[in-house]
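Labels for the chains are A, B and C, by order of writing; each one numbers its residues from 1.
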Amino acid sequence: MTPSTSSAITLNINGEKYLLPVDHRTTLLDALREHLDLTGSKKGCDQGQCGACTVLVDGRRALSCLQLAVAAEGRVITTIEGVADGDRLHPVQQAFLDLDGFQCGYCTPGQICSAIAVIEEHAAGWPSAATDDLRPDAGVPALGAEEIRERMSGNLCRCGAYVSIVQAVARAAEAAGSEDKEAVA
Amino acid sequence: MTTTTRGAAVTGAVGSAHTRVEGRDKVTGAARFSGEVPFAELTHGWLVLSTVARGRIRSVEDGPVLAMPGVLTVLHHENAPRVDIDYMGMLGRPNPILGIFQHDRVPFAGWPVALVVAETSEQAREAAEALVVRYDEEPHDVAFRAGRPDAYTPQDSPLVQAETEKGDLEAQLAASAVVLEAEYTTPEEHHNPMEPHAATARWEGGRLDVIDSNQGSTWVAGELAQLFSLDPASVRVRSEHVGGAFGSKGLSPHQVAAVMATTVLQRPVRVVLTRRQMFSLIGYRSPTAQRIRLGADADGRLRALDHQAQSLTSTVYEFVESSAVLGRVMYDADAHHTLHRLVRLDVPTPTWMRAPGEAPGSFALESALDELAEKCGMDPIALRVRNEPGTAPVSGLPFSSRNVLACYEEGARRFGWAGRDPRPGLRREGRWLLGTGMAAATYPSGVGPSTAAVTAEPDGTFTVRINAADVGTGARTAMALVAADALEVEADRVRVRIGDSDLGPAMIAGGSMGTRSWGWAVTIAANELRELLALGDGIPPEGITARSNTAEAIGALAQQERHSFGAQFAEVAVDEDTGEVRVRRLLGIFAAGTIVNPLTARSQLVGGMTWGLSMALHEEAVRDQASGGHVGADLVGYHYAAHADVPVIEADWVDDPVPGDPVGIKGIGEIGIVGVAAAIANAVWHATGVRHRNLPIRPDRVLRAADEARRRAAGGARGA
Amino acid sequence: MREFGYERAVDVAEAVALLGSDPEARFLGGGTNLVDLMKAGVERPALLVDVRELPLDQVDFTPGDGLRIGATVTNSDLAAHPDVRRHYPALAQAVLAGASGQLRNMATVGGNLLQRTRCGYFTDITKACNKRSPGSGCPAIDGEHHNHAILDASEHCIAVHASDMAVALAAFDAVISYRTADEPGESPITGFYPPVGDTPHIETTLPPGALITGVTLPPAPVAVHSRFRKVRERASYAFAIGSIAAALDVRDGVVRDVRLALGAVASKPWRARAAERALIGGPASAEAFATAAEAELAAAEALPENGYKVTLMRNLIVAVLTELTEEVSR
């Protein structure tokens, strides 16, 4: 029996449900860009080698160019179009804007989605390759420049905006950290 | 009719930091790049590239592919519309690669042989992969190396003078107390903008409408009109947002293919290049092999400067990587010789890539200066100061302004250069050897004719129309600031429209000429509008518009050498056990005329310096000699710097007034990269005592060089 | 990319049965390597059996304090797991040194073990490659090979294994569990990747149709003092040109136990047993480490462009064992 090569699926994106037929070959990235007119996620390499297509899947950052759309059914997807709170930019978006954390803007949505996840991963205690002591009781060092650089390394930027991207992530992380403290207090 | 109400004159927009006017769209994903504009009935084209490096197409077996699901057409040399490539375009004769599908010859691996168009991109891709193309293969030659006997000196062109010569080189070398002779190589490098090239073409109301990503839509529209023998007024090219370009986004085969296909199908056609296809279709920086000879008196004064640079070009088109031009501006010598040589190979044609010429050329010359400083026992800055020319070394013309000494001084102060121990291999921190290095930088400040229109709207706002391209430079924002100051209003009252060939002709975003060229046109139009408004008449509903064209004013510019200058400083750490090199900090100080928007200018300069870091440590495309194509034509096989490679990079500038210049803006797109690779290589020498004359300075090369140095040292010790 | 069917399996038996239904079926885990290779035309499956939702996503202690890691545990969860970080720090380091945060969130342990080489000839279908297309030749031998194998390569293929995680697993004697349509089975990781010989296209000893269900790490007290170091041509987000996973136990200046595995030197993660034998019972000194490294690398065969790896691996062995000696004595 020849298996069917397409499926009707429902994707949950930015809180909306989208019902669409997909060719199984269609990646989540192409579904977003070519079928759902959500073109904020970018196609830089289409091979998992640049990070421009980064979105959040079930709250974790992932490369939508290597994620088949059909396999994304049932997952909660957030794209750059869904990270702001209405007209109020996400703190990471605002920091990128204020600190000029981009030039051409093509890698930017991926950098921002990645940065949002980096701040959460760090808050959850995940170590990185820049973390010297991995023992869980050693804790995870503060999200300084070196940690941010390592954790953001899957997002290439050819314009060379890395220096201000790192500043923007640090600023947003600081803001998120102080909000957490307020919440605790 | 509304009456204008004008408050006190406002200036000072230029020179103060402004975030990008399109910034919000770019951080929210709302900004649409060229492959992202939706069209009803859109079709998808996929290019098929040659798999042989030289030969003829025997057959394109399109029958089976035409029967595949969704496939609409297969265009190739036997059925494609004809185009004319015998014309003179805005920047010269067209690259014959634009004449796709016109004949059966294959001049290099990755030459376009067909376009498959289908209803969906998945169908087009699969059909393109399934298309069988048969070739009669011929032997190819892709071996670039120094001293090839078939190297030749190209003819002079308006863009590059092949050779300059003064004085008796051999005599001056013989009379020199210190002579440095060295060979340097730089590899094939690729632009790799984050946004792959993409174009959507359609016929709309009798006009050809192309949504593109380019550095100049006037340029691209003009070329398409010529190629397809169309009335220029019937071609519109728009390029609203450009995801990086760096010299690679002019006219390439994908736009031509899209226009051909939409003409055949009468439906919109989008052609997007894959990352792999970009390696053979959009140009690249030629590898270089450079030989430098310097002769100096004991006090470092140059008697002889000889810089000979060999690069490659294709068999179908000539492009010269002008690596030897740096010395024509930077350093004088009693005998002075610069020469470019070319080798024709079965490879794609190289093109401009960020700081063409100066980027690889500065690696060689500024490394050689460091080696000479070592031989003379001089500080590298002192050596450069000693050889600072009064007028341009080759042309003899005065400089419009030359503030490189201020760059050295400010850079040395900020970097902490004073008291540096020049001896190599002395500083260690854990497993890392530390070193510092510097280099000088320069890049021409050119200008091209542009037209602009500035309109006073009835609601008190202003609209600037200039066909600029914002390739990440912040061109929109810069033009708003320039117009605001000329109009004497707040910048937020100025809207800027760019990226549309219907706006009228303007210079491309290239060669560090965009902001200077467009800024001049906008200033003239805005000044005129301000004077019109000063007459006090009201503003009619259609607004009041003033227009400008800088062509005549450019022709009347005084003969001067116009360049930006800079000084680059680097600190590196080298692990000689593993070959890893890490850049710990970079500082660049520049003299680049008026800085329009310090926020975006700093980003652009730091971006250029980041390119320099990548060039020093990472970038190298590998050509497979057997197949003639690349190995690793992707972002795993071709590395450029990632976040973790890039430390704190500081860029700043010194005052650089340009007396008598009508604009004062010099352009900063390229100068950031110039000299950085040399500064890093010089720092690696300072850290380890090993000179790296071949880029990139990869771990394998560091390990090999360290092994050789150790062997030499051991041999030397035995000899003594 | 050719058209294909897609099925999502809910349990292991169903997954194995689905795979068995089509000779051109492949399991889909995180897809980070398979989907990429499908786009490149290297892989052309007719059916994908999605195994991401199988209940194999736990990390548990085994009796005696070893660890059992489910096949669908993501690389991120593995590296962040407190017990992995506490008992096998080199494994967490190896995983964190690989790929990027995004890829580690997607990639699974099972998929990581089966990832294919990044040799630029293998991933480009316009080039010859014995691994992809048996009998077509190996152009890397006379071509671009600066990141190719120095150990146990053959005249048919000199590609290196790309996984960092597998290097640490090899050092810790991991055992791979799998399930065929008929029965469960297991294989030590050191026997999982067969010699290249004249069959470079045969990359594992996994029986046809088998699904990797997990990896077991035997108890290894020595692993508490373990490290992974990776050298690459970028500071991050790049494949290794050389890597090492090492664990060391030293008492009174004498090596009591040592584990050593090398990456990016062979078609498999390279367990450095000759070096281990040379070290056990001897002094924990730089000289002894260098001697052990020489013992391991004596069999290395370099091509014109990859000889630096011999130097690199020798230096890495000495450097990392020296660091571990200092750590142990603290």
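What we mean here is this: a residue touches a chain if its C-beta (ideal position, glycine included) is under 8 Å from a C-beta of that chain, and two chains touch if they have at least 3 such contacts.
Computed from a predicted structure; not experimentally measured.
Chain centres computed from CA atoms place C at the largest separation from chain B.
The busiest chain interface, judged by C-beta pairs in contact, is A-B. As a whole-number value, the distance joining the C-alpha centres of chain A and chain C reads 27 Å. Averaging Cα coordinates per chain places chain B and chain C 40 Å apart.
Counting partners per residue, chain B has 122, 126, 634, 636, 641-644 as the residues that reach two or more other chains. Shown for chain A are the residues that touch two or more other chains, namely 23, 25, 46-47, 149-150, 153-156. Contact with two or more other chains is made by residues 1, 3, 234-237 of chain C.
Across the interface of their complex, chain A is touched by residues 1, 3-8, 22, 28, 30-32, 35-36, 39-40, 46-48, 50, 52, 76, 79-80, 82, 85-86, 89, 92-93, 96-97, 99-103, 105-106, 234-237 of chain C. For chain B in complex with chain C, the touching residues are 51, 122, 125-126, 129, 276, 431, 577-580, 582, 618, 622, 624-627, 629, 631-634, 636-637, 639, 641-645, 698-700, 703-704, 707. Contact residues on chain B toward chain A in their complex (touch as defined above): 19-20, 22-33, 35-36, 38, 120-122, 126, 191-196, 241-246, 272, 274-275, 471-474, 599-600, 602-604, 606-611, 614, 634-636, 640-644, 646, 648-649.
Taken together, the chain A residues at the contact with chain B in this complex read 23, 25-26, 30, 33-34, 37-47, 49-50, 52, 79-81, 84, 89, 93-94, 96-98, 100, 102-109, 112, 130, 145, 148-150, 152-166. Contact residues on chain A toward chain C in their complex (touch as defined above): 2-5, 7, 23-25, 27, 46-48, 51, 54, 57, 60-63, 66-68, 70-71, 114, 117-118, 121, 124-129, 131, 134-136, 149-151, 153-156.
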